[in-house]
Every structure is written in structure tokens, then in C-alpha cells.
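Got a structure for you, questions after.
Letters A, B and C mark the chains in the order given here, with residues in each chain numbered from 1 onward.
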């Protein structure tokens, strides 16, 4: 099934991004495995836990673990090329995000979530893994600060949840995933960011 | 129901505190939403996950999300007044903490928790969200370091669990919530802290 | 039962290590309790949540909480001796890790996990608590960076899962726990680390 292949593709891409953060942070091979793992399946795992869909999805299907393992070794082997790989990696990441958002929102709907909650679960599936990766790497999650990453996920999730009830799953998935992909590519191309706002430090 | 209104009130107050931390940390609007969300419902969400009360409480009732969304916009709009708002915010936060502790301990009891576990779940419901907020903001959770925050929650939870078995829910809730509120207000007024203890650095 | 006693022993040791980190980080008594708690039961708690084995294990059996409470007070009282205690603490920690890995892998198997997932759950049970402790203390988890900690857990988990299907639980548990213990002691004695790899900083 195409969606499943894309899901594994997204898993591989997210795993590579996690492994490279581990390299940057001077972790060992185990650290790279863990960061690859949480980046790839962290968002979906939290989604499953919140839904009560336990045991979580990668318990039943170890192909996810195999893909993550292979991707981590691949990322470590090719770590010297990480700079040249930035552009293709981010395009691949955009596709992974699009797929994860659709899968996450769809799973929440099958568990009877309200539309707005289904959108949140899509965003969580797409962005949660990267956020845990950043927390483990002792950084503020990038998704909370930079780029049109979250807004692409939100827009995609909202469009999917709406169209899914009107046009059915397949069309909704294709359209919303395309939307996420286009928003991400446009953002990468233009380096757009959401408006930021700052406060003077509060002593509390 | 009064308790439900107070719960939503606490949700709003915690959301505002989360949104303002996001402002301090130079996050974007999505970051403010996420921090408001985890601060407001993070503790109760972990409680539900540990209890197996899934899907978690805000899946069924999207009024929580609406309140958080509105509070975040409110907090961003009024972020220039955050310093003047410190005192009223902390009083409101004390009320929120009191309500959350009672709700959390009560829910644990209905899931058959031992008394000491029910107290812990009350403390977790009251303090957990703020702790996640601080971790996401790349800080050591404030509750682990400062003020009579946790001790007020522990005292309130213990009194509630004890009185609940003697006097019934309503009286127990009123008395224990009042206790938390008074302890917090006294602490704010006197700036009391628990005794600290320090160690020379260990190299490990 | 011997395994249960060893489990409580490991709980006590991990709690002490958590409490001492809290001391180093200038937290108060509540912070020490929380860090002792998450270090001691954090890994097993996440395991239970992922398995859907909720309410989690320490809800039913408050002896864990009692042990953690007593260990924290003990650690605070003896915090001046932490340097002299480093060597015995690390030996005790190695035993705790060995027991936790076996218990975690075994529990996952009883929930029908695939072998590779059971190994992961063993590693998570043994190493997860320490990782949460480090995140709360605003540090990169030590297990991702240092020593043969994770590899001992992985080797022990893999050997246990394999032998468990061949020789039955008791022999598998004894052999694999001994393996973890020996690997840890050898590592402490020789100060071995897994090969590290570094990358120039990526700007992302």
C-alpha cells in the first residue's frame, strides 16, 4: 500500500535527522539509535498513548524498527555529507511530515476524536518526535520557534479532517498531504517565519 | 457545576502562564499555544495515561481546548502588562492549583488508587503541567526548586484524601482547596521556601 | 521471592542516585523526592504505558513508594558521603540495572511483544528512569553519551529473551543478569566507552 510505504519513508527520513542531531551532540552509537528512534516514532507513540491505542503501533510491526536501525547506520556512515544533504533531507522531511500528519489525524478519527482533537493528533504525530529529540539534546524544541513547520502541519491536518468527511479518505489524504508539502517547500524556498514576539525577562 | 467552572478557570490561568513563558523564550505563536496547552492540561494528561483513563480527558470535552486557545490569544495580546499582572496571576494560579489537586486526587480514587498514590496524582495534576512547560523551555522545573508550591499541593492532596473518606467529597474538597490556597498566599506574602541543601559537585 | 527483593533493591539504589543529582542541582526536598521517584520507576512506568499495562505497576504495590521515600531520606542524610559512596553505589547500580532489564523484557514478553521489542523494553526499564532524571535536571541524558551502560542493557536483554525461550525464565534471568553485571563492572574497572563520533556543527 502506498501510504504504508510513505510512512516507512517518513520514518527513515526522521530517523536520519535524529541520528545527525546525536552526532552533533557528541553522543555515542546508542545515543544515535535512541534519537533516531524517538524522532521517527515519538510523535505517533504519544498519540497512541493518549488515544489508549496500546500496545503502541511499533509493537505489532517491527518493520519500523528495522527501518530505523538501517537509517541510523546509513546516517552515521554518511555523516560527512550532512551539509550537502541538507536540501534533499529537508524536502524528504517535508514529505514525511505530510504523511505523518495525515496518518495521525486519521487514526484519531477512527478512535472517535473530535475534529479539532484529530487535527492536534495529526500535528503531534508529525512534530512530536522532533520535539522530543530536541528535549533529549537539551535544546528548546525547534518546532516551537522556527519556520512554518507547525503551521503547515496544522493547515494540513485541518484540511484533511474537513475533506475526509466530504470526499473520503483517499482524496482528502492526497490533497492535504500535497498542501503540507507545498507549504514546507515554499517556506524552505523563502525562509518565511511566523511573526515572533518578545517579552523582557520576567523574574519569577 | 462549580467545580467544573473552577477547573476551566484553572485551565485558563495555567494557559496564560504557559503562553507568557513562551513569550519570554522568543517562541512563535505556535510555541505559545503548545506551552499554554501543556501547562494547562499536561499534569492531568499524564495522570490519565498512568491511570489508563484513555482517551484522555480533553478528548471528550473540547471546551478545555477552546479555553486554552482564547487564553493564549489573551495572554499574547496583554503581554506588555505581564509585570503588573504578576500578583493577580499568582493568586489565580493558587486557586487553579487548589482545584487541580482536588480533581486529580479524586479521579485517582475513583480508579481505585491507594491513598498515597491518590495524593501523588493530585500533586501531579497540579504541578505536572508547569514542570513540562519548564522542560520544553529548556529549564529545570521551577517546582523542583522554588517556593512552597509542591508542599501546598502535597498537604492539600493528603487532607483531601483523608477527609474524603470521612466527610464526603464536597466538604473535603472545600477544606483542602482552601488549605492549598492559604498556603500559597502565605508563601507568596512571606516568600517562604522549603529548606534547601547543597552538595559540592560530583564528577560522574 | 528473590526477584522481587532484587527489584526493590534496584529501586532503592536508583532512588539514591536520583536524590543525589537533585542535591547537586540545588533542588529542595520535594525535588529530591521527584528525582528519586522518576529515576527509580520512570523506566518501568513508560514501559507499562507503552504496553497498555495501566494502571502502572506502582499503583497496586505501594511498597515501591515506601522504598523510594526511605531511600531519599537516607540519601539526603548521607549526602556528605556521596564521594566515598561512588564506587559501592555504581556496583549496586549495576545490579539494579541487571534486575530491571530482566524484569522489563519479561513483562513485555508476557504482553506478547516481538523479541526485539522485548529487548527494547528491557533497556527502557533499566535506562529510562536515569534519562528522565537527566532531562529534569536540564542535562543531556548520560546514557546517550557515556560508558557501556546501554550496551550492557542491550546485551543482557538480548541474551535473556533468547535464553528465556530455550531454558525457561529462571536460568535465563540468572545468566543474563550476571552478564549485565559483569559488563558493567568491567566497564567501571576499565572505564571503557563505546566509540564516539563527532560532526562539525550544522546550522539548521
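We adopt the following convention: a residue touches a chain if its C-beta (ideal position, glycine included) is under 8 Å from a C-beta of that chain, and two chains touch if they have at least 3 such contacts.
The UniProt protein names, listed by chain, are A, B, C = Trimeric intracellular cation channel family protein.
Note that this is a predicted model, so its numbers are computed, not measured.
Undergrad: At the place where copies chain B and chain C touch, is the share of residue numbers found on both sides over half (same) or under half (different)?
TA: At the contact between chain B and chain C, which are copies of one sequence, the residues are largely different (under half shared).
Undergrad: For chain A superposed on chain C via Cα atoms, how large is the rotation, as a multiple of 5°?
TA: The C-alpha superposition of chain A onto chain C needs 120 degrees.
Undergrad: Could you state the distance in Å from the CA-based centre of chain B to that of chain C?
TA: Inter-chain centre distance comes to 29 Å.
Undergrad: Two or more other chains in contact with one residue: find those residues in chain C.
TA: 49, 52, 54, 135, 138, in rising order.
Undergrad: Can you name the residues of chain A that touch chain B in the complex?
TA: 49-52, 54, 111-114, 116-117, 120, 131, 135, 138-141, 143-146, 150-151, 154, 193-199, 201-202, 204
Undergrad: Which of the residues in chain A come into contact with chain C in the complex?
TA: Counting only chain A, the residues touching chain C are 20, 22-31, 34-35, 45, 49, 52, 54-56, 58-59, 62, 65, 76, 79, 82-83, 86, 135-138, 142.
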